[in-house]
Amino acid sequence: MNARILWLNPVMTSTYDQPIAEALQREARPGTRVDVASLPGAGPRHLEYHAYEMVAAASTIGAIRWAERAGYDAAVIGCFYDPALRGAREITTRMAVTAPAEACLHIANTLGERVSIIVGRDKWIPEMHENVQRYGFADRLASFRVLGMSVDEFQRDPGVTEARIVEEAHRAIEDDGADVIVLGCTIEFGFYRKVQQDLGVPVIDALVAPLRYAEFLADLRDRHGWAHSKRLGYGLPEPAELAEWVPIIQPAVVTGPRP
Amino acid sequence: MNARILWLNPVMTSTYDQPIAEALQREARPGTRVDVASLPGAGPRHLEYHAYEMVAAASTIGAIRWAERAGYDAAVIGCFYDPALRGAREITTRMAVTAPAEACLHIANTLGERVSIIVGRDKWIPEMHENVQRYGFADRLASFRVLGMSVDEFQRDPGVTEARIVEEAHRAIEDDGADVIVLGCTIEFGFYRKVQQDLGVPVIDALVAPLRYAEFLADLRDRHGWAHSKRLGYGLPEPAELAEWVPIIQPAVVTGPRP
Amino acid sequence: MNARILWLNPVMTSTYDQPIAEALQREARPGTRVDVASLPGAGPRHLEYHAYEMVAAASTIGAIRWAERAGYDAAVIGCFYDPALRGAREITTRMAVTAPAEACLHIANTLGERVSIIVGRDKWIPEMHENVQRYGFADRLASFRVLGMSVDEFQRDPGVTEARIVEEAHRAIEDDGADVIVLGCTIEFGFYRKVQQDLGVPVIDALVAPLRYAEFLADLRDRHGWAHSKRLGYGLPEPAELAEWVPIIQPAVVTGPRP
Amino acid sequence: MNARILWLNPVMTSTYDQPIAEALQREARPGTRVDVASLPGAGPRHLEYHAYEMVAAASTIGAIRWAERAGYDAAVIGCFYDPALRGAREITTRMAVTAPAEACLHIANTLGERVSIIVGRDKWIPEMHENVQRYGFADRLASFRVLGMSVDEFQRDPGVTEARIVEEAHRAIEDDGADVIVLGCTIEFGFYRKVQQDLGVPVIDALVAPLRYAEFLADLRDRHGWAHSKRLGYGLPEPAELAEWVPIIQPAVVTGPRP
Amino acid sequence: MNARILWLNPVMTSTYDQPIAEALQREARPGTRVDVASLPGAGPRHLEYHAYEMVAAASTIGAIRWAERAGYDAAVIGCFYDPALRGAREITTRMAVTAPAEACLHIANTLGERVSIIVGRDKWIPEMHENVQRYGFADRLASFRVLGMSVDEFQRDPGVTEARIVEEAHRAIEDDGADVIVLGCTIEFGFYRKVQQDLGVPVIDALVAPLRYAEFLADLRDRHGWAHSKRLGYGLPEPAELAEWVPIIQPAVVTGPRP
Amino acid sequence: MNARILWLNPVMTSTYDQPIAEALQREARPGTRVDVASLPGAGPRHLEYHAYEMVAAASTIGAIRWAERAGYDAAVIGCFYDPALRGAREITTRMAVTAPAEACLHIANTLGERVSIIVGRDKWIPEMHENVQRYGFADRLASFRVLGMSVDEFQRDPGVTEARIVEEAHRAIEDDGADVIVLGCTIEFGFYRKVQQDLGVPVIDALVAPLRYAEFLADLRDRHGWAHSKRLGYGLPEPAELAEWVPIIQPAVVTGPRP
């Protein structure tokens, strides 16, 4: 299957689009084409605050509407808070939608039994903990570990970031009893292979896991008709209301190198 | 204390502003002044879908920013999904913010031990259940009961709505073992006194409860300095970012009759 | 509303009645009149042990019966174990009854998301933890922190106590990830304002919170008819049995300075 | 081992002492001597209300103090609310103390996996559910089933009671998926053998189970030194306070027929 | 990637090997080669009882050892009790291992929010419920629904089985509030497409889901090094002990039609 | 009652049979006769790995079948993972079956409120934690504490082992807030009396507790007909299938010194 995936950075900056496109294409399944987009206009350039998620939410939903019409098989809303995920599933009928926390946690809980999530700042923990609980994994959470870094610091000096991740992941394993590590921000990308090698436990990357999960969901829908249930919480709004109230928003798309 | 409360209907219609203003002013504490506002511009006129919440979220946050500057002591985000509540608390430093589910559930769980929530459609249940769990009350939830009505049907024929609420609340008590009823939509207003009289158990109204809870929170802050903690999940964004990324939105305000 | 509140110290000593009356009257809403009483006769002078609660329980229930007849709008059973709270709600039909743990935890969980409770001795933890779980807040408990002090040591040298509270609250925030502090004993009174100022997070006082919650509950009942549900766990005993088996006990009442 | 067990009916009536003594002696281990006592003085003759528990609590604790001094190896506080159990364990250092809910639930959860508790009235459910949760068995509770009978009706017409128990237990098995039944009141005695035979699942009796559990605990203490831990929640009060504040109360004791 | 997957029927009968091989090959990803095997020797021909799982467990583990040596990329232990899954993960270092309940539940909880599992007999429920809880999905379980059929009845008259599945799944949706259905036995194969079409919600098949999950896990390991963590609960035994104590067992393998 | 108990070491070595037989007979109730057996043939000599449990499982089940026929009143499957316990209960109709974790945790949770389990290696924790959760005691678990020793090291130098147990148990009490200790391996035998004396809290031994629990269960069945429920998860297989698929395995039995 040759899936077309949209990775949507739900922020009003294209800073990370190109590097993420390159990283994703390297990690995707052969045949997958990954496009990367961010939101048009001015606004939040990171989502460390829920208020920023809310400001960017309308455009996020609008871009998801556009993506389904544009023929994508699946979309990833690229922030570890999994913003607007429920809404995105409501308004789509064919395209699969997933997000980093959901994807990382499902994979991590199959590979190990005690998960630690490495976050930038302790500010992030309560909202992320809500998602851990919502997805069912609260009893299997070993800990959150805090790097003491903001989103825009992760890629500034990769050596420093990597060293800090190794340090905290090591503590998660030794002190908190974790057997699998999740990197709790999409911008912690580029580190997982090296950290994994150092630590000897799976290190789940917040770019790669949702990409692969999106491919998987798209394939499940194509081959088996297994799509998000429209029966209850992901039910479709009235078409007329939807058309009137939820504008389609076309983001600028960066296309990864052809597979 | 003479509190000024803003009731924000987080929708792009002023249809309910006047009747809600009247209802609230009747129920408020003497001395409280309640203003009611809805969001400017075109967009969702109800929030039965999470996608609509997301579309309205930026204006909701912007209106909360405006409200704090306008000197309100507390604001209520008037939808039982409690939309954007975390974000609203992040961006405020003085003004208390609450929302219907939080207020109703805290009060209900003090007055009784087994709570049933009367909702319009079963579509609402999963998102509302997440809030019940988040606030800590999942083990004390007796049931959700479904009226089979949309938001805009509640006030169409009040006699019909009231009869349906009584019917489902009665089943909640008899079949599900509830001892307190929560009306799970702000537009189910105007019914609680009569239903309560019929049933003989507390019936918590989704307009009145958050109004009273907002007065209470405003007073706790004024008198004891007990405000939303800025230490963790409600931490304040950087002022420069906040100013740039989160526009202040001034809604049209309906003022209730003077106390 | 001019509420009359009874603060009942459920112990057989009047040692703290006067200072508590003064503290409460300073913190109450204008118009509220707070009376303070303790139990007549000889018996436990503190309730660090459940056995002492049990010895004082009959008088506690009897004093609550008296309080409703005496016309109080609400009563607080003034011990952080919330002793006899269910029984007190059974035998009353008009008067609201609350207690410190219930009030502090509801308020704390609205103001923050991770609560630490500062207790005197680790002996107290299991029973208090049962109450945290019963009220629904177990998943949001950051920690109990232990001062290593008995009830009657708290007011002996206030400077020492305050320093210890600051020390343990600081650890709760830094090491346990708390964003709100609850003082887990009514006799830890007089400290919260200073500690709150030092720490920069809400510090919920076990005298003030239930007082304010009692005012709130009384007002909810007066204005909206929202009283403890008599349908299930707070159901009223047969009047004849109640009259015969539950003696009315009139405590000596200390009245706070007039508002 | 020849254990001496005190069954304490924590009520101010000796109505059931003699029949309970006979029933217990028939069911006890050879060598066990069971005495039965109730509380002296006037007061609650049943404990369907928590307020009544509270009224009887001081005497219950006092009788437990007496029992340890009188040389009993173990005591049962004979009410399915397990009243004053924590306090009873605090004030004893040698004698084991247990109660019906604890004993029945531990045994039931070893014999089956889904437990239903047959109670008299739905009023009892919230307090009993708190105990189910406290002991750890909430996830394994299939249901409470309600007979619609008060405590003093159970022995009035045994044929009627037995038929009702069979009926509700049958529904618990068929409709709620239970595989073991607990009789949720000590005065539902005399029925379990017949009901068990009819239903084909274990029916745990609220007299017999705590008797046998008490024998077991007494034996564990004698032979292995396994007694209630005094380290935390069952810690012993200061001897001087205990002596002053917790009066020893000697109940009238009915002795079962000699083994 | 051309994965080689072993589907292991952990029973001592080859009855279902050929039809399962055909069904799986039809549903597999292009390029995947699925072999199907069952256990050699005499013994349990179905695993409705845990005792039968235990009897077959040594051979199951032995066949997994063989499978890793034989070069398979992933193996599925084909019974909805997920028998011996932990052990299988301990003894493998390269090959992924999964099982139906794990795979179905992860997928179902991504596609919907309230899952019902359609089982043959109520006997199966307690053990399956333990797995639901272990994997983290207990709070999202809507119900178990019982067909009243044994494993070997499912394929006897497919029309009857399908009608019964539709009937119970319909009740799960209407009465229990499910929005996704899981078929709780591998031998309920061949029905999901038709049932899904009738019901309009995803119906997750216990053959197809673990097959697809196995492909996914194999690919994650190949491409990203994400394998079962060897750090804690899936740690590898000492090689010498493993060699001596866990015999390699070569099952007879049925190969599906070439892709 | 003179019970006959079989202690089954579910391993293929008789190394510990004689010392366990002696230890058990010393601790048993007068009149109890304890036989000790291990599994015939070659295979795992300890069960630190789930894979080894699985290899030994068929023989375990077969030995249980034998034991019921041989007239034992109860059997203990002597490993703290409680291997094959469900299966053993399915295939027996008269004989009680229990295992160390079940027995220790029930007793510990009656004697205290916060339990710590002292294990050999952290590898054991995830599987044991599953059992703690299954039996209902997850909320009351203070911690696992790790000795850093394998099963076959425990009896090598008893002084060293005892010192390590005291050290970790002390930390469990001081740092983790435990008030009761469970020794999480049957081969940690011979230490509990001394450790208990040193620590001053109950130390539950994994040999003694299940022995005593087995006696208790046998007695409950004899005297009250309270046996494992055959209604649901412990339901009996079809006799013909059982006879054909579950071989009876006669272990070599070591008989303790006559009581």
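Letters A, B, C, D, E and F mark the chains as written, and numbering starts fresh at 1 in each.
Going forward, contacts are C-beta pairs under 8 Å (C-beta built on N, C-alpha and C of every residue); 3 or more make two chains touch, one makes a residue touch a chain.
Bear in mind that the values here come from a model prediction, so they are computed numbers and not experimental data.
Visitor: Common contacts of chain B and chain D?
Guide: Neighbours common to chain B and chain D are C, E.
Visitor: Centre to centre, by mean C-alpha position, how many angstrom separate chain C and chain D?
Guide: 30
Visitor: How far is the middle of chain D from the middle of chain E, if each middle is the mean of its Cα atoms, in Å?
Guide: 45
Visitor: Between chain C and chain E, tell me the centre distance in angstrom, where each centre is the average of that chain's C-alpha atoms.
Guide: 54
Visitor: Going through chain C residue by residue, note those that touch at least 2 other chains and give them in order.
Guide: Those would be 113-114, 122, 125-126, 133, 138-139, 177, 232-233.
Visitor: Please list, in label order, each pair of chains that touches.
Guide: A-B, A-C, A-E, A-F, B-C, B-D, B-E, C-D, C-F, D-E, D-F, E-F
Visitor: Going by the contact rule at the top, pick out the chain B residues touching chain D in the complex.
Guide: Listed in rising order, the residues are 113-114, 139, 177.
Visitor: Taking the touch rule as given, give the residues of chain D at its contact with chain F in the complex, in rising order.
Guide: Touch list, chain D to chain F: 1, 27, 29-30, 98, 102, 106-107, 109-114, 135-140, 173, 177, 179-180, 192-193, 196, 200-202, 204-205, 208, 212-213, 216-217, 219-220, 223-234.
Visitor: Any idea which chain D residues touch chain C in the complex?
Guide: 12, 42-45, 48-58, 60-62, 84, 86-88, 90-91, 122-123, 125-127, 130, 133-134, 232-233, 235, 237, 241-242, 244-247
Visitor: Using the touch definition up top, name the residues of chain F that touch chain A in the complex.
Guide: 122, 125-126, 133, 138
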